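In what follows, a single structure is set out as structure tokens and then discussed.
Letters A, B, C and D mark the chains in the order given here, with residues in each chain numbered from 1 onward.
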Amino acid sequence: MKPRIGVFVCHCGLNIAASVEVSEVVKAIKDYPGVVHAQDYIYMCSDPGQNLVRKAIREHNLTGLVMSNCSPSLHERTFRNLAKSEGLNPYLVEVANIREYCSWPHQGDKETATKKALTIIKATIERVKRNQALTPLVVPLQKRVLVLGGGVAGMQTALDIAEGGYPVTILEKQAYLGGRVRQLDHTFVTMEKAKDLAGEMIDRTLAQPNIEVLTTAQIEGISGYVGNFEVQIRRQSDWVDPEKCNGCEACIKACPVEVPSTFDRGLVMRKAIDWTPGARPGEKRVFLDHQACVRVTRQESCTACQEVCDQGAITYPEDEQITQMYGAIVVATGHDLYRKSALTEYATDPDVLDALQFERLLSEDGPTGGKVLRPSDGKEPKEVVFVQCAGSRDPDKHFPYCSKICCMYTCKEARRYKEKVPDGQAYVFFIDVRSTGKGYEEFVKESVQKERLLYLKGKVSKIARQGDKLLVLGGDTITGHRVEIEADLVVLAMATVPSPGAKELARLLNVNTDPYGFIQEAHPKLAPVETLTAGIYLAGTSQAPKDIPHAIYQASGAASKILSLFSRKELIHEPLVAHVDTEICAGCGYCHDNCAYQAVSVDPILKKAVVNEALCEGCGACATACPSGAIQVKNLDSKQVFDMISVVTKDYALRP
Amino acid sequence: MSREMETKALIVGGGVAGIQAALDIADGGYQVILVERTPSIGGHMVQLSEVFPTLDCPQCILTPKMVMCGQHPNIDIKAYCEIESVTGEVGNFTVKIRHKATYVDWDACTGCGQCEQKCPTKAPSEFNRELAFGPRKAIYSPFAQAVPNKRVIDADHCLKLTKDKCGVCAKVCPTQAIRYDMEDWIEEVKVGAIIVATGYELYKKENLTEYASDPDVIDGLEFERILCPSGPTAGVIKRPSDGKEPLDIVFVQCAGSRDPDKHFPYCSRVCCMYCCKMAMLYKHAVPDGQAYIFYIDVRTDGKMYEEFYQRGVEEDRIVYLRGKVSKIFRQGEKIVVFGMDTLTGKRVEVEADLVVLAMAMIPNPAGEKVKKILNLKTDEFGFITESHAKLHPVETGIDGIFVAGTAQAPKDIPETVAQAGGAASKVLSLFSGYERNKACA
Amino acid sequence: MKIRLSRERVRGDFVKKVEMISGQDLLQCYQCGKCSAGCPAAFEMDILPSHVIRLAQMGQEEELAQANSYWICFSCQTCTVRCPRGVDIAKIMEALRLVTLRQKNRNKVEATGLPPELLAELPQIAIVSSLRKLSG
Amino acid sequence: MKIPYYPGCTLKTKAKDFEDSAIAAARVLGIEMEELPRWNCCGTVYSLSSDDLIHQLAPIRNLIRAKEQESDRLVTLCSMCYNTLKRANEFFLADEEKRERIKRYLDDEIPYEGDVRVVQLLELLRDEVSMDAIKEAVKKPLTGLKVAPYYGCMLLRPASIGIDDVERPTVMEDVLRALGADVIDDPYKTECCGAYQTVSQKDVVATCAHSILTSAQGNGAEVIALSCPLCDFNLDNRQKEVQERFNGFHPMPVLYFTQLMAIAFGLDPSVCRFELSYNDPVPLLKSKGLIE
């Protein structure tokens, strides 16, 4: 069938008409091959403008439209919807952008602008001639969410989605919910007990009927795409039945394995079977840590604990394997602290702690019952030095970034220390005090004055043991003097780093990470909770260091994206996707290698490329990589592109 | 809940926070009324030159969102409107909205701009921060990509409305949209939830009396307009007094912030980054120029912010000086800045061509009325108090009323966008939870 | 130069004395340097006002004893009116002067030591205020 | 209007030009400044220490003198006296415990509760006389005379006792403008002259004076107007040292604002006691036709 194309040229008020001689364009394009109708109007997007287009479609029986106006990001949808309502396939409509690409950059040069507009329109006509009528893809949608990580960010996302009426699974690696907040003493600015804060959220989470919590569980495999992720989950079975256990501790005494306590950050040793934090803060339970037990680590058949348990509470069932479909996934895997031993200029010493260890010393449920006693000899430290930026803001040796929360938690820890040891002195070495949140600056000021904290601007150069004391060599760049302190205890605000295993998880989920292993958001400003993989979102410190309020509202932000997603019956996907001519395809796999969305694979048996249309974003990277031209993007195939180029080169060939 | 819930949201304020929340809720399938006080949505973000740390232009990243709002079937933008009263409770608020007289029938206006072109009267442009460079007309649209793309008449400057002369806009309007006799009118709507996103303003320079009141001592937003490629100087860096290119430029951070004795105790959070950004953009536009930044602490604590700051120092050779500026005054052609570098312990005197004050961020005074109508709790500076600093950072303590963006506290764009999403999520949870429960029952 | 810090230093008698005489909390100062930036006498000072406060915060009595800053200070209070934290720096300067002047025979200006031609030239107001500020 | 007046040490000697011109000019505006019958030195500088009360006694006694005149106000000319008296009174009012202790040392005096207000002549002109009244009293407007007002420190700082905005005062400008002068805006008008350091640190004061004077000259000033005998000495007499230290410096006259008032009001120039000035202002004033 011969194409019957209509060309509509918009004045956009004076936006286009001031630079482009619209009437000349219409005159010149009227007789262009394939064009049966051309027309201009002051505002094609306005109601009267749209009516003109409708009338033309009917009267001239048009088979394609070239809308010559502003950028397609503005009105492509408008005119495609219009076409659809007139019974014309919307994918036979293309926009020739003669505003952003032409009239705006060529203001005051009517001749150039008019000529260029004409070229753009002709090229678009050539494209439309080969356009196919397409139908949007419909993808089913599983309205169930998987949240990876049961810290405050994960719980907040889960709560928002669950309150919106959708089922959520929280997958938590540890045996308890609450994440890092469970390890903290107080939280800054409000000085609430962290366990109260975590407790409130945990209570709400456990009470929410739409939330399923899987502790000691991890994701093992994933396939599928947005709306339809199939996820394999491995859940360690509980080897101690909490219903039967009476807490007699016989098993703990009998257990031959001793490991550093992870919850207390290695400040004390514990057995492979031992007390561990319970579901709610303040509660505890006996728990057998598979990672420490010789039954797992050395495949031995030790049953020392089972033998002494007169309640019969201990059994060793196999791990659970769960497979479940999810429509969306939220990564909220949190953070860790950089290891102290990386800073070799600071002594490896029992009295040189990282900030989380110090939190444990401050905590009532910590190894000292909340008394500040130094690990080496149990004495109360009277001179305590806090060192900020330990590994942060150190592009040469460690991390270039700022860990964001250390300025505030250091101030809080110093303040808490002084509340517990009123005759002690706290020193804080800093480079810049970054107290930028609501009430933060005021908190630092108040703490300094109330607790007589001495802030020293400068990095610490060396920390060395000297008898009973730790010698801290620092500087005060304000007076320009070197500073030496004989401290009893040193607390290092180690850089915030992603949780262990974050990189592997990112690879599994096919989401990007930044050079430090934090999950990369799709756009720092406009899509801060999305990843580039549709259907996978992020929350909390898995994305970057952040404080609790920021993590919580960001987690809600991620929930809102999912609630939006789930508000539809099914997912509609643009049909402008890659398409393989299997008779040409040689199965080389270049397309697969170049696809950022994992949308193209090579069928192992047929040795032909296969496009998962639900994942394809139509970017065309595969098409440019394909040596034979077998893979093409629909409605922008290479023939169309070359036709367009021919127009442009022909029009400009005679230019001097 | 026994009563029916109105599953429609009202958002007050059409800046990036309001836009983001509106889009999230609308994409979630619910109706949104987006009320904006000025003739166009976009807020302060569209005034900016480029945004840190990516140096994207807001025209590239925000205007598409504005257009999406304008075209979204679920979003009803009510520009040039203000909230008059609110009654009721979560699920059932009755809101009276004042449509301020635009003197232009927006149903008829096509946005062609012929009226604006012919209008003989100039007035200071709010969008251009009333800089000498960029006046607007008495009938105007605040900027080229305004959404909605409609004109309003500024009744204080229009010759027809002040002196009953002229009337040229009515003559040239091809759709006869001009209505000189238009009056404010009140509309009543019912909504189930409200998000307050009334934003910020900058503290007035005049409050810092030790710094001269001088055309060449400007605030951050004024400099954004001068830097903006589509701004009133077309991106050519000129100083307001004489249009000359400034070769020595001084940025003064914490101008009114971190000053509990005289101004505000809090940190305004974004100035460290935007000063660095503006100094970089300045340097890109004026390669011979030199930028100096006076600071107390460099607070570059977001993702890639520290790296951005280091780039400013290393690549654009920004000289950072640690110390507050004590006095700024004009001496002939130059603006003299008395500062200090506390690190060398030396006093620093700069003879600058232009001085940019990073004025403290304060709650938008135009939001005061809204806060009063809604009975919202605020801190002593007027920022809306969230119901719990950590657990409920977007709730206001009144059921069904949420807060987003800088109305709550100073924050940058990514935080604003994330928080707006958070507020939208609360509304979506509320509406969708209600509907799913109803469906189950 | 090196500073050894300890509890005895940063909470020693010197710090207490300066805080008591001046009525100011030294730690209220966050070292922004605005006082030094605007001080009209700073060009002659060996240690600028903000550094004087910094050393006082750290209890560095000896180094401060050597400084000329508070003897140069005009008590003009430019620093005081501009301090963002509301620290009355002029009072701290006064306190540092008094720490010395309250000891015996430590006057900077002696009434009997002024030459007659100077006394003849100077207005009374200069002589009285100089003696008030610079002698015990 | 009668008002008790506190002269202070220097107004009776080296700054007689200030006192005589002020009393004469004020009289034109209907103000009778009545010198306190017995006054003592105010101490010249306010004590900045918070642990001695002794320095507060002298100024408070002077306020009691005003109270004895059955007045609730006391006017000063000298900026330093103003500052010391006013601050002492503020201190007396602010702290009840200290107030009671001070009273114990004043038990030979009539009871005093801090109810005397200290005002400086400029305040009185602004708040009670009005600029219009001054304008009306002008017989010989100071047309063409380029005057840079200089406030120094003690009229303005600290902010709680300042007679005007601490950074951007305008009262002296307004008075001079009312007199018809061409007022020069100079950023150094609130910078310190070096004050009492003139006794033992001449050179420091000369450097300060140099900055202030050259800034004013750079902005076109022919004469400086001020209100403090110590500023006057440092800016006028110390020009000798300024000339010695700084090449190319051109001396300029320095006057009390009241001397300019007296001239503009057409009073006999003898009340101005120009002979007390170090840099003779007469040639300049003559050249402008302001005096014979």
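The working rule: a contact is a pair of C-beta atoms (placed from the backbone, for glycine too) under 8 Å apart; a residue touches a chain by one contact, two chains touch by 3 or more.
Small disclaimer: the values here were computed from a predicted structure and weren't measured.
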{"item": "Graph distance between chain A and chain D, where chains that touch are linked", "value": "2"}
{"item": "Intercentroid distance (Cα basis), chain B paired with chain A, Å", "value": "27"}
{"item": "Between chain B and chain C, centroid-to-centroid distance (C-alpha), Å", "value": "46"}
{"item": "Interchain centroid distance [CA atoms averaged], chain B/chain D, Å", "value": "47"}
{"item": "Chain C: positions in contact with at least two other chains", "value": "30-31, 43, 50-51, 78, 85"}
{"item": "In chain A, residues with contacts to at least two other chains", "value": "433, 445, 478-480"}
{"item": "For chain D, residues that touch 2 or more chains besides their own", "value": "166-167"}
{"item": "Interchain pairs in contact, sorted by label", "value": "A-B, A-C, B-C, B-D, C-D"}
{"item": "Chain A - residues contacting chain C, complex", "value": "382-383, 423-425, 427, 433, 445, 448-449, 452-454, 456-457, 476, 478-486"}
{"item": "Sites on chain C touched by chain A in the complex", "value": "1-7, 10-11, 25, 27-28, 30-31, 50-51, 54-55, 57-58, 60, 85"}
{"item": "Chain D residues within the chain C interface of the complex", "value": "8-10, 13-15, 41, 43-45, 47-51, 78, 80, 152-153, 156-159, 166-167, 190-192, 194-201, 204, 207-208, 211, 229-230, 233, 237"}
{"item": "Chain B residues touching chain D - in the complex, by the definition given at the top", "value": "209-210, 212, 327, 329-332, 336"}
{"item": "Residues of chain B touching chain A in the complex", "value": "24-25, 27-30, 51, 53-54, 56, 61, 64-65, 67, 71, 110-114, 117, 144, 174, 258, 260, 265-267, 269, 297-307, 310, 342-345, 379, 383, 389-391, 393-394, 408-410, 413-415, 417-426, 428-430, 432-433, 435-437"}
